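You will see subunit A twice below: alongside subunit B first, and alongside subunit C after that.
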Partner chain A sequence: MTKPQLKIGLEIHTQLQTISKLFSNSLNPTSNLSIIPNSTTSFFDNSLPGTQPKLNNQCILNAIKLAISLNCKISSISSFDRKHYFYGDQPLGYQITQHFNPIAKNGFIKLLKKYNPKLSNDLIINIQQLQLEQDTGRSIYHSINSNISNIDFNRSNIPLIEMVTLPNFSNIEEIRIFLQYYIKLIQDLNICTGDLETGALRVDVNINVIGHKRVEIKNLPTISSILNAIKFEEKRQINELNSGYSLLSNSIETRGWNGKSTYHLRNKESNIDYRYVPDMELPKIKLDLNNLIPKINSILPVSINDKIDNLMNNYKISLRDSKILINNEKLLKFYLNSWSLINDIKIKEKLINWLVHELLGSLTKSEIEFNENLISPKSFTNLIIEIENGNITKNNGKLILLHLINNKIDQSKPILELAKEFGMIANNSINDINNNDSLDNIINNILIKNDKIVKEIKENGKIKKINFLIGQCMRQTNGNVQPKIFEDRIKVLLNI
Partner chain B sequence: MPIVVRILNRGFFQFKRFSSSIPSVGKKFETAEELDAFFSKSTWSTKTLLKKEEIPVEITGETLDKILDLSGLSKSISQDEKSAIMKSLSEQLDFITKLHNVALPEEKPNLTRLVDDKSVEPLTFDSLMESILNTEPILSKGEIEGSWNPLSLATQHQNKYFLVKEGLLKKNK
Partner chain C sequence: MKANIKQIQNINKRYNVFTSIRSNPTPPDNSPFAPLGNLTYAIKDNFTTRDEPTSCSSKMLSSYVSPFDSTVSSLLNQSGSSCIGKTNMDEFAMGNSTISGFFGPTLNPLYPQERDLIESYEEITFATKDSISENDGEIISSDIMNDYTNTSDLSLHSYIKPKLYNDAFDRISNEQRIVGGSSGGSAAAVALDLVDFSIGSDTGGSVRLPACYTNIYGFKPTYGRISRWGLLAYAQSLDTVGIMSKDLDTVWKVFMSLDLSDSKDPSCLSDSTREKIAIERIHSKKNVGKKIKIGIPVEFQIEEMDESIKKYWKSLLNKLKESKLIEVYPVSVPSIKYSLPTYYTLCTAEASSNLSRYDGIRYGYRVLESECNVDIEPEFVTTRNTGFGEEVRRRIILGNYALSSYGFDSHFMKATAVRGMLIDEFNDVFRDRHCLIETKQLKSTNGVDMIIVPTTTTSQPPLVKDFKNTDPVTSYMNDICTIPMSLAGLPTMSIPYCEGAMGFQLVGQHGQDYKVLEFARLVDGVLSK
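And now, the complex of A and B:
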C-alpha cells in the first residue's frame, strides 16, 4: 500500500531583536533567559491599570524588512486588534495582535533545487500573512500535578511576528530546508537571533495525512524535535487511519511533543471565541510605501541565493562549501581576505579545501570554533602557497598549521624558516634526499617487510594497495618526501 | 464584568455627545428664581434608559455558561446566582439596545476608536528612522531596568516570580 500524502503547514513566531519592546520602551531581553526575572518590565508590560500602549517603530522597520524578503504585499494601512483570553501570563486579559488588517500578506519563499539538491523539485512555500503582536509573560510549571505556577513578565510585550504558511510541505526534508533558510534569513536581516532553544523562534506544526483531520503540534524547541515529531505524527495518523479512524468523530486536536512521541494537549472544539475588537488605544499604522519600500530594500543584505551564486561562479566553490561559508560570517571574511593574498589561480582554487576541510576539520577535532584571531590570513596563505608549490609536504603542512594556531608568535616568521627549524622542508627529488639511506634502500626495506601486500599488488592487481606502501615510506622519512616521488619509484621497482 | 462596563462607559459617552449636539439656546435668565425654576423641572431622566425593552434580549443558560467561560469565571454557582446574573445581563442589553437606537448624524464617525487616526501622517523612511533614534525609556512609565519592583505590588510571590495558584494551570487549559 502506498503511503497517504502528507500535508504540513507551519506557524512561526519570530521574536524581534529590537532595543525595546513592542508597546513600551522597556528593554527587550530576547533570547537572554539568564536575566533576573521581572526586571525588564514597564508598568504597561505588567498591565497596570491606566497604562496605554505606544508602538515602537523599530518593530515596523523589522517587519517591513522581513515582508520585503518574503515577497509579501505590504499594507499601506494596518491596525491592531485585541484577542481576548484569560491566562495567568496575560493579565491584560487580551493580546494585542493584527487580526483584521495585518502589516503584510500573500508572500512566498522559493526554494530552488539548484541550491538544495535534496529537494525533488523547486518548491514554493506560500506565506499567508505576517502580523505584529505581543509576546506573553513566561509561565514556569514545576510539575504537572502542582497547583502553582511562576510567572516572569520579562517576555511580556516582546515584539513577535507571526507568520503562517500554507500547507505546502509534503516531507521533512522540505521543512528542514525551509527552516534553515528562514533562520539564516532573519539572522542576516538582523531582526531575530534565530534561536529555537531560547524561544526567540517558535515553530508550531500543522500536519495531516490525507483522510485524517489536521493536528497542531506545539512545544518543539529544536529543529530535530520538529522533524522527529512530524515523523512520529505521520506514522500515528496512518495507524489511526488503518484502524478505522472516522473523520467525523474527531475534532481538530492540539498535541505536544515529549521527545519520543506526540501527546494529546487539547481539542479545539471548545468553541474558542477570542472576541477580536480593534484596539481603540492604538492609531492605525500608515506607511508611505512608495517612499519606504525602495529605501528599505536598498539597505537589505545580499540575498542568500545571490551570495551562493557569487561564491560558486566567481570563486569556483562547490555548493556545499559555499553554504558553509555563508553560514559563518567570520569564515567567509577570512576566506575572502586570504583569496586576495594569493596570486596563482591554481593555488587560489585550493584555498577553500585548506580552509573548510583541513583547518575546520582539525578545529572540530579539537572542539574549537573558528574565529578570526586563530591565524592571520597572511600566515595561512603563505603556508598554503609553500605547500602547493611543493616546498612542504601536505602532511607536514597540516602539522605546521596546527603549530601556527597554537603558537601565534611564530605566525610572523617566514614559513620556510619555520619548516627548516622543524626539519620539514620537503625533498622534491631523489637528489634532495640528504641522509644516509638512499631512497631505494628505504623503499626496498618497506617492500621486504610488506611482502604480502607486494604480492597482492603484483599478482592480484590490487594497485590501490600501493598507497599503503607509500604511507610506510612517508613514515620512514618523517613525511619530508613528497608522496609522488615514492609512488613513481615504487612503481619502477615493482615493475608495474 | 469589566467588558460590559467598558461597553457601557463608551456607549454612555456617545449618547451624551450626540444628545447635546443639538443645542437649543433660549432666552437669557433674568433672576435667580427663573434659574431655580428651570432646574427644578426635569425634561429627561436616565431612568428611561433602564426601562425594559418591548422585546427584551433573552439570555439563555447556555449563553451564560459561555460568557462565564470567556470571562474566566467559575460556572459552579447556584441557580439563584445564575438567575440574578441572567436578569442583570438582560437589563444591560436593554440599555445597550437603547443606545443603539440613538439617531446618529449622517456621517458616522469611527466609533470603535478613541484615538485620532486622521491626523497620523504616513511614515516615510526618514520619519521612521528619526522616530527610532528618538525612542528612549521613560522613568515615569517604569521603563528603566530595575527602577521599580513589580513584585512589590503582589500580595504573594515566589523568589523573583509572580505566583499563580490553581484555575489557570496548563493541565486545565
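And now, the complex of A and C:
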C-alpha cells in the first residue's frame, strides 16, 4: 500500500532587525534575551493610557525588500487592523496587524531541481500574503507549581512579518530546502538574524495527510524539531486514518511539540472571535510603487540563484562548492580575490579545490573556522601556482599551507625560498625510500639526534612533540614521504 | 485673577466640579510674551498630567498617575496659563450627564442647589523618581514613591482630593438639572467663574452639550487640529480636544496656542495641511463684507425638538438677517437621519477596543486575590467587571457585538459607509474645500459658508432625578444635534443664546476653524447690540 499524500504549508513569523520598534521610538533588541527585562520599552510598548502608535518607516522598507524578493504583488495602499484577544503579555488587549489590506500578496519562491538535487522536481511555493504586525511581550514562568508568571515587555511592539504559504510542500526535504533558502534570503537582505533558537524566526506548520483534517503544529524552535514534528505527525495521522478516523468528528486542531511527539493544545472551534477592525488612528500606508520599487530593487543584494549561476557558469564551480561559497561571505570574498590573482586559466580552475577541500578540510580538522586573517590571498595563490607548476609536490604543498597559516610571518617570504628552506623543492627523480628498512634508518638517525625530545615524549608524555620529529624526517626525505607513514613508524619504534 | 484656592474648594463642595484640585498651582505667567498669561484653567480628567492622577472618573484608574504630560497640558503651561485642577466627567467620557462617574455627580450651576455634596478634602502628596531617555531627553519612566524621606533626586507632587458624602445623591436638590457631559466638570468650572477657561474632550458633543447647558461657549475644533497625545482614547476617530469659556476671545487665544501639529499623534493634521488651510484663509479675506451664506439642514426639523427651540432658532436667524450679516438657504444632508445609530455603533466599537488594555496587570485598579474565584473567571475579568461602571460595561458589550464576526459586516461596516456618505453630503453643501480632500467638486461652488443648528432639542436640561431613571437609549437622544458634526469632523462652536441652558452651533467646513471663530465673533457682535 502506498503512503497517503502529505500536504504541508508554513506560517512564518520573521522578526525585523530595525533600529527602533514598529510603533515607538524605543530600541529594538530583536530577540536578544540577555537584555534586562523591561529595559527597552516605551510608554506605548506598555500601552499606557493616552499613548498613540507612530509607524516606523524602516519596517515598511524591510517589508518591501522581502516582498520583492518573494515576487509578491505589493499593495500601493495597505492598512493596519486590530486583532483582539486578552493575554497577560499582550498589553493593548489587541495586536496591531494587517488583516484586511496586507502590504503584499500572491508571491512565490521557485526551488529548482537544478540548484537542489535532492528535489525530485522543480517546486513552486506560493506565498499567500505578507503582513506587518507587532510582536507581543514574553511571559516568563518560573515553575510549574507557581501560579505567578512575570512579563517582559522588551519584545512588545517589535516588528514582525507574518508570511503564509499555500500547502505546496509534500515532504520534509522540500521543507528543509525551503527553510534554508528563506533563512539565507532574510540574512542576505539584512532584515532578520534568521535565528530560530532565539525566536527571531518562528515557524508554524500546517499539515495533513489526504483524508485527515488539517493540524497546526506550534512551538518548533529548531529546523530539526520542525522536520521531526512533521515526520511524527505524518505517522500519527496515518495511524489515525487506519484506525477509523472520521473527518466529521474532529475540528481543526492545534498541537505542540515536546521533542518526541506532537500533543494536543486546542481545537479551532474553541477559538475566540478576534473582532478584527481597521485601526482608527494609524494612517494608511500609501506607496508610490512606480518610483519606489526601482529604487529598492537597486539596493537589493543579488539573488541566491543568480549568485549560484554566476559561480557555476563563470567560475566553473560545482553546485555543491557554489553553495559552500555563497553560504560563507568571507570565503566567497577570499575566493574571488584569489581568482583575480591567478592568470593561468587551468590553475584558476584548481583554486576551488584547494580552497574548499584542502584549506577548509584541514581547518575543520583543527576545529578552526575560516576567516580572512588566516592567510592572504596572495600568499595562498602563489603557493597554488607553484604546486600546479610542479615546483612543489602536492603533499609538501599541503604542509607548507599549514605552516603558512601557523606562521603568518612566513607569508611574506617568496614561496620557493620557503620551500627551499624546508628542502621541499620537488625532486623529479624517484627516491626509492618506500621500504620500511631504509625509512627506519632515517627515523632512527633522527631519534638518536633528538634524544632529549624522545625523552620528553616517552617520559613526560608530551605526545605533541612527535610533530617535530615528523618534520625532521620530512626534511630528510625532501617531503616526498607521507607524514602519516613517519608518524606511524615513529610510534611503533618508540613503543607509544 | 479668578477665585483663590480656598474659594474654589468652598464652591466645589456644592457642585463637585473637580476630581482633584492642585494644592500649589503654578502662578499664571505675567510676562507680556506669554500668550495665555494671567489665565487660569481646569482640564478634564482624561488628559494625562504628572502632578495628580488621571482617573477618567473611573475606579479602574482612580489613583493612576501618568508618567508624562499630555501635549495639550504642556502647551497650555508653556503659554503661561495656570492649571487649577482636573475636572469630573462621565466615566471614560461615556455619557452626557456627568452623573455616572466614580467620583459622583457634577451639578449644574444654573440651577438651585441647597446642600453640599463634598464632605471634606484630603491633601495627598507623592513623589516621583524620573528616568530620562538618552535618545530624546524625554522622561521615559516615572516610579511613584510613597516614601519620600530622601528627596534629593525625587520630584514632589501634591493635590487635594474631595471626599463625597455617602448620601451625595440624596443631597441633590429637586430642581437640579444635569450639567451635561461628558465634560460636565469643565463646563461647571467655567460657569462658576472658578477659571478663565477649561479643556474638555468632545467625541459626540461632550464639550458642546455641557457648554449649552451652562450657557457658555464650547468649541469643538476640526478633528485632528489639536493633538490628542495624552488624551485617553474613547473613540479615536471621533475624539477631539475642546475649549470652553465665557469669553470668545479667550477661546480664540487658547485655540491658537493649541493649534499645532504633533508628530506623536498620527491623526494630528500635518504642517503642510495647515499651511494650505492658512493660505486659503488669506485668499478668502476678499469675501469680507459680503453676506455670509448660512445653510439650514432640513434634516434638523426633528419631531422631538421643543417648540421653544424652533422659535429661538428662528429669532436668532432673523436677528442675523436683519443686521445684514447672513443670507439663509435650506440645504439637505440626508444621512443626518442615520447619524445617531451610526455614531453609537462606531463609538462603542472603538471604545470596546480601546478599553481592552485595562486588565489590571500593568497599572490601574486590580482586584484583590481574595475577591477572585479563578475557577469561575480569570482575574482580569473580575478586575474589569468591578473596575468599570455600568455604562462603560454596556458600551463595551455593544461595541464587541458590532465588531464580532456576526455583527461586523451588518453593523460596523454599514456604519462606516454611512459616515462616508455623510461626509460627502457635507462636502456638497459647503462652499469651502474639505482640508483633507485635494480637489473641490464642481457641483458645490455655490455652497454655503456655515451651518447654524441648535445644540440640543430641549429648552432645559433633564432634571437629575428624572435622568437617573431614564433608559440608556433615551438618554442617547440628547446627542442627536451634536453627533453629525462629530462624525464628519467639522469645526463647531456652541454659542450661548439668551439666558438659561440654550445654545446654537455654528458649523464650518472641515479645516475652517478660524472661519467659525470669526463668524462667532460677528454673531456675538450682533447679539450684544
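Criterion: the second predicted complex is superposed on the first by the 424 of 496 C-alpha atoms of A that agree within 3 Å, B and C clash if a C-alpha of one lies under 4 Å from a C-alpha of the other, contacts with A are read in each partner's own complex, and residues count from 1 in each chain.
By definition in this document, contacts are C-beta pairs under 8 Å (C-beta built on N, C-alpha and C of every residue); 3 or more make two chains touch, one makes a residue touch a chain.
Note that the structure is predicted; figures quoted are calculated from it, not measured.
Q: Sharing subunit A, do subunit B and subunit C clash or fit in the superposition?
A: clash
Q: Please work out whether A:83 is in contact with subunit B alone, subunit C alone, both, or neither, and reply first, second, both or neither.
A: A:83 contacts neither subunit B nor subunit C.
Q: By residue count, is subunit A touched more by subunit B or by subunit C?
A: Counting contacted residues of subunit A, the larger count belongs to B.
Q: Using the superposition on chain A described above, determine whether A:151 touches subunit B (first), subunit C (second), both, or neither.
A: The answer is both, since A:151 touches subunit B and subunit C.
Q: Using the superposition on chain A described above, determine whether A:50 touches subunit B (first), subunit C (second), both, or neither.
A: After superposition on chain A, A:50 lies in contact with subunit C alone.
Q: With both complexes superposed on chain A, which partner does A:292 reach: first (subunit B), second (subunit C), both or neither?
A: First partner only, subunit B.
Q: Check the residue A:176 against both partner chains and state whether it touches subunit B (first), subunit C (second), both, or neither.
A: Neither partner.
Q: According to the stated criteria, A:25 is in contact with first (subunit B), second (subunit C), both, or neither; which is it?
A: Both: A:25 reaches subunit B and subunit C.
Q: Which partner does A:280 reach: the first (subunit B), the second (subunit C), both, or neither?
A: So A:280 meets both subunit B and subunit C here.
Q: Taking the superposition on A as described, I'd like to know which of subunit B and subunit C A:93 touches: first, second, both or neither.
A: A:93 contacts both subunit B and subunit C.
Q: I'd like to check the shared interface: which positions of subunit A are touched by both subunit B and subunit C across the two complexes?
A: The overlap between the subunit B and subunit C interfaces on subunit A comprises residues 25, 42-43, 46, 48, 51, 84, 86, 88, 93, 151, 273, 275, 277, 280-283.
Q: Quick check: in the complex, which residue numbers of subunit A touch subunit C?
A: 25, 42-43, 46-55, 82, 84, 86, 88, 91-94, 151, 273, 275-277, 280-283
Q: In their complex, what parts of subunit B are in touch with subunit A?
A: Against subunit A, the touching part of subunit B is residues 2-3, 66, 70-72, 112-117, 120-125, 128-129, 131-132, 135-138, 141-146, 148-151, 153, 158-166, 168-171, 173.
Q: With touch defined as at the start, can you tell me which subunit A residues reach subunit B in the complex?
A: These residues of subunit A touch subunit B: 19-20, 24-27, 36-44, 46, 48, 51, 56-58, 60-61, 76, 84, 86-88, 93, 137, 139-141, 144, 147-153, 266, 271, 273, 275, 277-278, 280-288, 291-292, 295-296.
Q: Going by the contact rule at the top, pick out the subunit C residues touching subunit A in the complex.
A: By the definition above, subunit C touches subunit A via 47-48, 54, 56, 61, 64, 66-68, 70, 135-136, 140, 228-233, 235-237, 263-267, 349-350, 352-353, 355-359, 361-363, 378, 380, 400, 403-405, 408, 412.
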